[in-house]
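Below: one structure, written as structure tokens.
The first chain written gets the first letter, and so on, giving A, B, C, D and E; residue counts start at 1 in each chain.
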Amino acid sequence: MPGAVKKRSAKTGLPPGSLVHIGERRTDQAKITLCSYDETHFQESEVRTVEGILPTDGGAVTWIHMDGLHEIHLLEQMGVNFGLHPLILEDILNTEQRPKSEDHGDYLYIVLRLFHEDAGGVLVPEQVSIVFGQNWLISLQEKEGRLFDPIRERLRNEKGRLRKAATDYLAHALIDAMVDSYFAILDRLGEKIETLEDALIGRPSPQTLRAIQALKREVILLRKSVWPLREMIGGLGRSDSPLIREQSVIYFRDIYDHAVQVIDTIETYRDMLSGMLDIYLSSISNRMNEIMKVLTIIATVFMPLTFLAGIYGMNFKYMPELEWRWGYVALWGVMVVIALIMLIAFRRKKWL
Amino acid sequence: MPGAVKKRSAKTGLPPGSLVHIGERRTDQAKITLCSYDETHFQESEVRTVEGILPTDGGAVTWIHMDGLHEIHLLEQMGVNFGLHPLILEDILNTEQRPKSEDHGDYLYIVLRLFHEDAGGVLVPEQVSIVFGQNWLISLQEKEGRLFDPIRERLRNEKGRLRKAATDYLAHALIDAMVDSYFAILDRLGEKIETLEDALIGRPSPQTLRAIQALKREVILLRKSVWPLREMIGGLGRSDSPLIREQSVIYFRDIYDHAVQVIDTIETYRDMLSGMLDIYLSSISNRMNEIMKVLTIIATVFMPLTFLAGIYGMNFKYMPELEWRWGYVALWGVMVVIALIMLIAFRRKKWL
Amino acid sequence: MPGAVKKRSAKTGLPPGSLVHIGERRTDQAKITLCSYDETHFQESEVRTVEGILPTDGGAVTWIHMDGLHEIHLLEQMGVNFGLHPLILEDILNTEQRPKSEDHGDYLYIVLRLFHEDAGGVLVPEQVSIVFGQNWLISLQEKEGRLFDPIRERLRNEKGRLRKAATDYLAHALIDAMVDSYFAILDRLGEKIETLEDALIGRPSPQTLRAIQALKREVILLRKSVWPLREMIGGLGRSDSPLIREQSVIYFRDIYDHAVQVIDTIETYRDMLSGMLDIYLSSISNRMNEIMKVLTIIATVFMPLTFLAGIYGMNFKYMPELEWRWGYVALWGVMVVIALIMLIAFRRKKWL
Amino acid sequence: MPGAVKKRSAKTGLPPGSLVHIGERRTDQAKITLCSYDETHFQESEVRTVEGILPTDGGAVTWIHMDGLHEIHLLEQMGVNFGLHPLILEDILNTEQRPKSEDHGDYLYIVLRLFHEDAGGVLVPEQVSIVFGQNWLISLQEKEGRLFDPIRERLRNEKGRLRKAATDYLAHALIDAMVDSYFAILDRLGEKIETLEDALIGRPSPQTLRAIQALKREVILLRKSVWPLREMIGGLGRSDSPLIREQSVIYFRDIYDHAVQVIDTIETYRDMLSGMLDIYLSSISNRMNEIMKVLTIIATVFMPLTFLAGIYGMNFKYMPELEWRWGYVALWGVMVVIALIMLIAFRRKKWL
Amino acid sequence: MPGAVKKRSAKTGLPPGSLVHIGERRTDQAKITLCSYDETHFQESEVRTVEGILPTDGGAVTWIHMDGLHEIHLLEQMGVNFGLHPLILEDILNTEQRPKSEDHGDYLYIVLRLFHEDAGGVLVPEQVSIVFGQNWLISLQEKEGRLFDPIRERLRNEKGRLRKAATDYLAHALIDAMVDSYFAILDRLGEKIETLEDALIGRPSPQTLRAIQALKREVILLRKSVWPLREMIGGLGRSDSPLIREQSVIYFRDIYDHAVQVIDTIETYRDMLSGMLDIYLSSISNRMNEIMKVLTIIATVFMPLTFLAGIYGMNFKYMPELEWRWGYVALWGVMVVIALIMLIAFRRKKWL
């Protein structure tokens, strides 16, 4: 997480609008997928350049999706073609943006944050940008992913409202897919939490604590992305931009509800993890009590006995007990009685 | 609780409005109860299909109650008959909704969350949806329950305002019954908390801690449902929908007050449980102190004595004390004095 | 406190407006005191029925005070006479209300919460309801109390503004008396806190902790009543009801300031009690340190000495030291030196 | 602090506007200082009565300052002369007011809270009231103080804007002096905190904890006064009273900034004191670890050795080792080896 | 940090607008850099006096930058030349200002806080003030720094929008540079936090705790500056001052986003440091458990054995075992068995 910010300072001193890709290069070559559709037609192609891709007057919707952000010239070209503000291009490349939406009159700019689990199970954030105008939509992702495949499928199949609707509905579908991806993340988090709870009931170790803290940090990381996401979607639902049409508002309200569900679950997880920390800490104290009890019982039983043995190990000339015929046996008797009294006392105290 | 979310991710990738029942199948067959009443007539029947059940022009109120949500075709038919938006049908089936109300012009959609205690005393949430228009009301529940029986009884008996009033008053009665059901839950929670408090004053064990944490989690779970419930009821009271008539507002304000009482009690329980956690943790420390005192007293008394016994167990040629006639007895005297001094010192320190 | 809610669930399932007294019966027979006054006249009587007590046209103010709520028929009669909404009667009987005010056009309804200390010093809440219209005011209390006696005295004596002013000023006087009663409660709480602080500086025991927690709970209980009280009084001061006249607003603002002072004090007490909890917990740790120091000092001094004594108690054939003339005395010397070194080391560590 | 409230309950039951001085008598005789000035003239005198001191029509500003509040008749006379509302007089005497400002049309009423350190270094609050109209200003203080002397000096010297400006600027100057006095308090608090930090790095004792808690309480006490002070000054800056002229607003905004600086410092101190509590608590735990290490090292080294010595102190007939020529010396060797192994093990564990 | 406030009380009692430099003298001689530029010309010079530097009518922008604030006469001259309000000059010199912006009609006044790391790695705050009107901008810094060099470079090179734009864009560039400087600070903080995390996983010492607390304090210090910074920039973006032109708003929104990113990172660091404190505290408890286990194991194994050795060291006349041929060997056997049983029991308890 601290590393996520480090890269940012590399841009210090540059004028605003300077296009520098902040973030690691996630893919070798940018991949551009071009879809064009209206109610009756659907065309899909993969292109290597954005030359000649221009907003059209006609009703057909053009959806340009780009995986990989490091080929800056492509982005610059796109900016020229669609008349995007330089600061938007900068924000697309600066992959540390907070989820937000900006209304630029002719087009809306939306940034979101997606999470993948890497091989080690660590959450890796990825920034997705969406810019859409009257009949065009550009979506940009840091790394190639399969998240939007079902949407493309729905477009191909003439299924549902998607082919008939305008770009705001397409934008809604993309955001919806991303919000849904949070549920999968939360499922895996929930499983990890349940595993940890079992570990806590068993024998908690310092590793358990570290795992709780690591999960807590992931939950905080998610939380930091989802709160502004919720605000952003809520803002789109209340937006007075002509690009968000009346009949789409209810769909944005729907994903707003989903975002609120995500937040609710995250807050629940936070509470659960805090409770687990309390249980962990008190289980350490309990174990200390256990240890101390063992020590105290042993010491309390054997110290008096050893003292007695010491007494009759003394070399005084005149120690009448030593001469007694049954002295030794009697002492054993006394010792057993003392030990029994001690043990009964401990049983009374519920230490045994 | 984590499990409650898991199911949600099964819907990932589907277009909005896809009807998939999210939640476990709680009943074998959906049961539909149909009531139709006005000031003079009352009719009640159980039906197997919703074909032909349509909103009517006349003043009679139609109340359709459905237990069990898994027969999706029934719901779809109902959606067609009453002109419900697909997203509402989806929300009804997606049983992880937050309590909310939505104004769709011709009808209002309300979601609430109910709690049952299962056999093991664990709280199980259930979603109840209410949709009502001018003279019809549909209520849907995941599982068959007896919660609304008293309302049906009041309808049958021509008792009270219910028969004379419009659908908003019926909706109010249903919500009122659900809010009241929270009081019963809280009573049982309160009893559990009192039992735990007694356990704390007695001998707290790690099980006590686990019980405190479990109750805390239930309280948090309830809290999460009641806060949006309060907002929702408050919103209905302030609503400018023509479906909520002027004279009903005061009744919604009344259940709003009840919801606030529920929240107050929940917050009180939260504070009490936090206080109990503090008491638990400090009682562990206190017990540790007790254990250490026993150990220290025993060690402090017997170590010097054992040392003295060791001294006179030595085999030096010239140890004059050993030859003394009363040496042994004198040593016993010295030892008793030392032990007494130690015990008096501990009494002074209030350790005994 | 949990008990306070239990009673509530007894009403589950009844239609709104059902009059059931929720709360324990606090007095044997309801006592009704009737005052009627204007600038020149004053009349006071105790009555057994409310028949014939009706709002009048004339300027004289009628104040009906009722101690004890269990005679429901009296309340019903009063409701009919003064045209009160059934929900208000229900709220008066349901003694778990939150402090609030409701504007019903012709009259205002105000609920407050009063606290008494019972024999054991435990705070017992009591609900007081005030309903007032143009020239009548009804006040209802669960139990007979002397709180309003000074107001009646002021009325009798023609003293102050009270006789000249309208019902809003009488209402203000009643609320003022109740807010003032909180100061007495806070004084006693403050004294208890000071006693506890002394106990903390002395020798804190688990009882001290329980006392802290009990006080904390009382403070929370008070807090829960005073925050909505403040809101309510603030709301009256800003009210646009014609019943609250322009010149009375400043008096409501005055008791608003008092309520804020009460809240400030409560928050101070909360902070103090939290600080005391910290001190308590760390004093337990400190005492543990003390205990462990004693144990460690004793063990560290005597273990090496006992070891040495053990050495010379061995029965080896060839142990030259045993034969030495001054061996025994020399060993004592060595032992004293070892003990002194240990004690000096502890003094260095500031353990002694 | 609890005592601060106790006095308040003495007023319970009195009608509003009853003039009772709540607070201890801080000075023997009230001292009234009268200043009258305009751009060209300046007159200053000490008077014993307020008879004949009336608001004038002319432009000259009259500033009446009173030290000591217990001579109630003076205050009553002043109230009559300047037409003050009885509730204001009551608030002036009730020295537990929260900082606030009230706009009474013809005049503004302002209450502030000042702090002095008494001989023992404890913060003592004092209430200062300011009432000002078109060309008169009354300031009242519980105890004689030198805080306003520099302002009087500035008036005498025809220096600055003060002589030319109206009463709002004089009020500003007084409030400014009082806000500035907080900085001195904070300086001394800061020094105490630094001293405590040094004590923490050295050897923290239970006294350190008590000192931290005492400082925390002082910080909370200050905080409670400064937050409403900030609100109040901010309110004056935004006031639409004609008494606050356009050109003075910037000066009130200036002291508003100072109040915010005071709050920032207070919040910093709070955070620092919380951090110190954490350090204190963990230093206790650390010291416990130290103690336990000493005990464990001693016990672990000497227990096996004492056991061995015990073995060879046994009186079995056939113990071949006892007969060996070098048995005794060999045993010493074995013992030294065991002790060394133990010590090396502890060094490995970094306990030594 | 407390020291930062101390200096402030030196001004107590002075009238507002008194020019006293609050802060340490950071540079020997104030250095004034004068830039004058428009789209075609650029002039840069270092001057020793501000005489004759006046706002001009022409379109050329004059940028006066001053390093070092202690030469008050220069500031006074500047105030006269550009018609600045005395309170602004006072705020510039009082280097404890909170970040804020003030709209004075003809000009805007902006204060920010910059951080440097001193030789010891401690954050040192520095106040930067910016005042700008139609075609002039004055920036003032306590100490000479290189932060604005890239901006000057951009001006020189005719590069970017800077030469064509008005003073608001120059102000934006300066603020942008300062916000960017926070990222560098955060990077170094992040590195320190990572180092500390490694230390925590290794062997945490009281020094680790002190380092955590020191970092926490730095984070709080930063936080305190960045929150008002965010507000201030947000306010500039929403400002209705004619000095902030329509086309610049988007640039201010851009640095607003950066400020939000800074805050997000700071909050993340705070959470991380809190988690580290928990880990530290529980690692102390864990280590205590380790120590106690060692002690308990040693004591539990050797106490029974020593007791047995003591038994057979007794001098009773009749102790048959002592006479047995294999008594000694048998006892050794018994002792080994006891020790083994103990060790197996500990292994069972997972203590070994």
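In this text, contacts are C-beta pairs under 8 Å (C-beta built on N, C-alpha and C of every residue); 3 or more make two chains touch, one makes a residue touch a chain.
Please read these numbers as outputs of a predicted model, since none were measured by experiment.
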Any chain in contact with chain B as well as chain D: C
Intersection of contact partners for chain B and chain C: none
Interface residue identity across copies chain D, chain E - same or different by half: different
Chain A and chain E: spacing of chain centres that average the CA atoms, whole Å: 26
Distance between the centres, which are taken as Cα means, of chain D and chain A, whole angstrom: 42
Contacts with two or more other chains, residues of chain C listed in rising order: 281, 285, 288, 292, 295, 299, 303, 306, 310, 313-315, 319
Overall pattern in which the protein chains touch one another (line/ring/star/complete/other): ring
Residues on chain B engaged by chain C in the complex (per definition of touch): 150, 154, 159-162, 172-173, 176-177, 180-181, 183-184, 186-187, 189-191, 193-194, 201, 250-251, 253-254, 257, 260-261, 264-265, 267-269, 271-272, 275, 278-279, 281-283, 285-286, 288-289, 292-293, 295-296, 299-300, 303-304, 306-307, 310-311, 313-319, 350-351
Touch list for chain D against partner chain C, complex: 1-3, 5-6, 8-9, 11-16, 85, 87, 90-91, 96-98, 100, 102, 203, 206, 209-210, 213, 216-217, 220-221, 224, 277, 280-281, 284-285, 287-288, 291-292, 294-295, 298-299, 302-303, 305-306, 309-310, 312-315, 319, 321-328, 331
